[in-house]
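Read from first to last, the chains carry the letters A, B and C; within each, the first residue is number 1.
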Amino acid sequence: MNWAIQTLNGISMGALLFLLASGFTITFGLARVVNLAHGAFYLLGGYMGLTILWVTKNFWLALLAGGLSIVVLNYFCERYLIRKTQGNELGQVLLTVGIVYVIADIALVIWGGNPLRIAQPEIARGSIELPFGIVYPRYRFLLILFGIIIGTGQWLLYRKTQLGAIVRAGVDNRETVSAMGIDIDRLLAMVFAFAAFLAGLSGVAGGAFLTVYPGAEWDILVLALVVVIVGGLGSLEGAMVGSLIVGLVDAYGRWLLPEFSYFVVFGPMAVLLLFRPTGLFGREV
Amino acid sequence: MQTRKFAFFLALAIFGLIAPHILDTFWVSLIMQILVFGLLALAVDLLIGHVGIFPLGHAAFFAVAAYTTAILEARHAQPTLVAAFAGVASALILALFFGLAVRTKGVYFILVTMAMGHIVWGVATRWSSFTGGDNGVGNIPLPKVGSLAVSGYRDYYYVVLIVVVIFTLAYRVIVRSPFGTTLRGIRESESRMRSLGYHVAAHKYAAFVLSGGLAGVAGVLYIYLNRFVSPPTAAFHLSAEVSLMAIVGGSGTILGPFLGSVVILIIRNYVSAHLMQWATVMGVVFILTVLYAPKGLMGLIGRHSSPGLSPAVNRSPQKNESNRSQG
Amino acid sequence: MNPIAVKVEHLTKTFGGLHALEGVSIEVPLGQRRALIGPNGAGKTTLFNCIAGSLSPSSGRIFLFEKEVTQLAEYQRTALGIGRTYQITNVFHQLSVLENVLIAEQGTKRQKWILYRPLEKFKSQIDLAMEKLSSLGLDRRRDHFVHQLSYGERRQLEIVLALSSDPRVLLLDEPASGLSPAERQRIGEIILKLSRDITVIFIEHDMDVALGIADQVTVLHQGKIILEAPPEVVRSNSEVREVYFGDA
């Protein structure tokens, strides 16, 4: 029974990670941008959603608010800061880390240092009865479904639409796409906005079962990083597979070897480094 | 040029020697921290400034050494030499494993080292039966080697000063040796190095291990200074700030990481005493450094990673005849 | 009979759907000057990369002086005697001219692992490097950043670096590309002065330069060898002309 619960825990965590990691990985794939501020986006998105929830008592509005607020934030960050570090990997990493420091500190001032729980929506409260007599928190189960829907949607967009084809071509070779007359800046803006929206949204989604707290920005970021390392930067499939692996390994690790759970997460990463330094689906950077 | 430099170092040396007698404990303690973290930043800069790869997880080696020494001293009453040696050894061993990371390139390397560093933090936090979890490890006695016992801050200050100077000089030799020059070649063009006969991966790995070991030395110095270690010592914050120290001060130079250490520690220790939002200040420093001072303070005063056999001296074309010697 | 310095057997390299090289077989005897010509995209640099070891072939074998090197890493092949230059100058820009040569010199030596002694103490090494720089007229710029050198000077440095490992086989990838006539002259002289102990394979677009230096010419087109003959024969061959100029 426990195995089933833990597996579901892993999958639901994976769903959350996917929401955050997919945006991060596609942003890198298309624009070669490493935006570690994604961690802060998660945090701030959660806090913003929380505030909207307090005001409107509506979870769905909170989700939307969390997402949109980060779209705006990312726009300014990208336009005035991140853009200036094009091609400078370490610079970009340090710059976005600096952004995280600032955002996290401001959040600390506004919302304080205590973990805050985002109230789950009515339909997601309580537990759900699954086959084989498994009883599982409804919210986390719905999160899995949500993750699957978003994942499938993204995948379809990416693989089956013309827009997706353009993005894929851009990931492959930006200059060519630009030369083909496609407005690469519009494309980038769209992708950035989408990634930011997901990041903020994931903050709200995560906040409803993990709480929102100072430090969450790093905790989730590191897991998301392992996801993209394992899955391969720039690959949507990689983010899916990676999220699942990391989510499951994290869940099993916490359950079976609580004192070493972090070490357990490192396991798949280390094995991968030995054989595929660019991740399962990644390509030479 | 030479006399100005000599005068500078002489003044620095004199200041260094008399500091504990003219400043109060707060400042002496700050200087010790600057030296210790400066050494850590130097270790990181071996990779950033000379190999051209950017680790964001060196707090792991620092913390592992600190924890090892702490546990041996506090819980197993091991003599200082044993505990200190074991501390450095533990960092080296960890670096032997984490060195796997050099198989990755560019952004992957940054992310992988970041994740590795976080793993160590996680172990420090979760393996509470061994590491004490959030309570950390304390009650570290002052160091004692044979009959020489450190009896207070002032004594330890000189220990730190001597150790840091020795290792910095050793670092200087390494960085100017054929091995060090090889690293800079790798930084410039790995492909070219391979075609010239270099086993690039082996050199990168060796540099990584050396860097981890040096970080361990800093960790051992730290534990006798702080007399306490806990998970924040392994946190990503420290790794990021240490990398920033190297950049802010001037990557690729010897003095740079120490200058950077001064800047960052003043923000952490001094600014924080007067301003709640010191983390915002830190973040802004990160951002401003990247955007406006990528060569760091050393770059601003005109000394940066430069040609010639000594990496730390700027020689403009006209002056190269008179400036033949060291930096 | 001259020993065979470089032998390539049925070499094939595909990138995704692209066949860069198809069943290429070449034998270059010791001391020969072999020109490798062909239009853009013919696979010349790919062939170089496979011989040097920076690229793994999809199939086929490579031999250096009868010894198979197909499985060896690039740096191991250098130790066995391969040196190469790059089409796009690949030198150490943020290091001094002298450091560039010193690094090249110690590439195949144990010395590169020494970390307890400053490089400036290795007098004989430095003298040797200075000699090489003198022959290029670069000795007075020994402490300059390489990025301060002119393009032509960097191209010369490129060859010096490749020669520093005392190669027995030298692969030159368009050594004269982007150079002024005077600079081409200089490069030409450097190549002609090379001892016949060294086997030289060079890619060159300038037909006159190529055919002027070469003993034998290999013509590549779309990954396959279409002709292997002495320069005069190649010069007047109609198929080659068609491949290059689109007419007969």
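As a convention for this text, a contact is a pair of C-beta atoms (placed from the backbone, for glycine too) under 8 Å apart; a residue touches a chain by one contact, two chains touch by 3 or more.
This is a predicted model, so every value here is computed, not measured.
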Closest chain to global C-alpha mean, per-chain Cα centroids: B
Per Cα centroids, the chain farthest from subunit B: C
Gap in Å, rounded to a whole number, between the CA centres of subunit C and subunit A: 47
Length of the line joining the C-alpha centres of subunit A and subunit B, rounded to whole Å: 32
Subunit B and subunit C, separation of their C-alpha mean positions in angstrom: 41
List of subunit B residues in touch with subunit A within their complex: 48, 54, 56, 100-101, 103-108, 110-112, 114-116, 118-119, 121-123, 125-130, 235-236, 240, 243-244, 247, 276-277, 279-280, 282-287, 289-291, 294
Of all residues in subunit C, those that touch subunit B in their complex: 52, 54, 73-75, 78-79, 83-84, 86, 90-99, 102-104, 106-108, 111-120, 122, 141-146, 148, 161-162, 164-165
Contacting residues of subunit B [partner subunit C, same complex]: 173-174, 176-182, 184-185, 187-189, 191-200, 203, 305-310, 315, 317, 320
Residue numbers on subunit A that touch subunit B, as the complex places them: 28, 34, 81, 84-85, 88-95, 97-106, 108-109, 218, 222, 225-226, 228-229, 233, 258-263, 265-266, 269-270, 273-274, 277-279, 282, 284-285
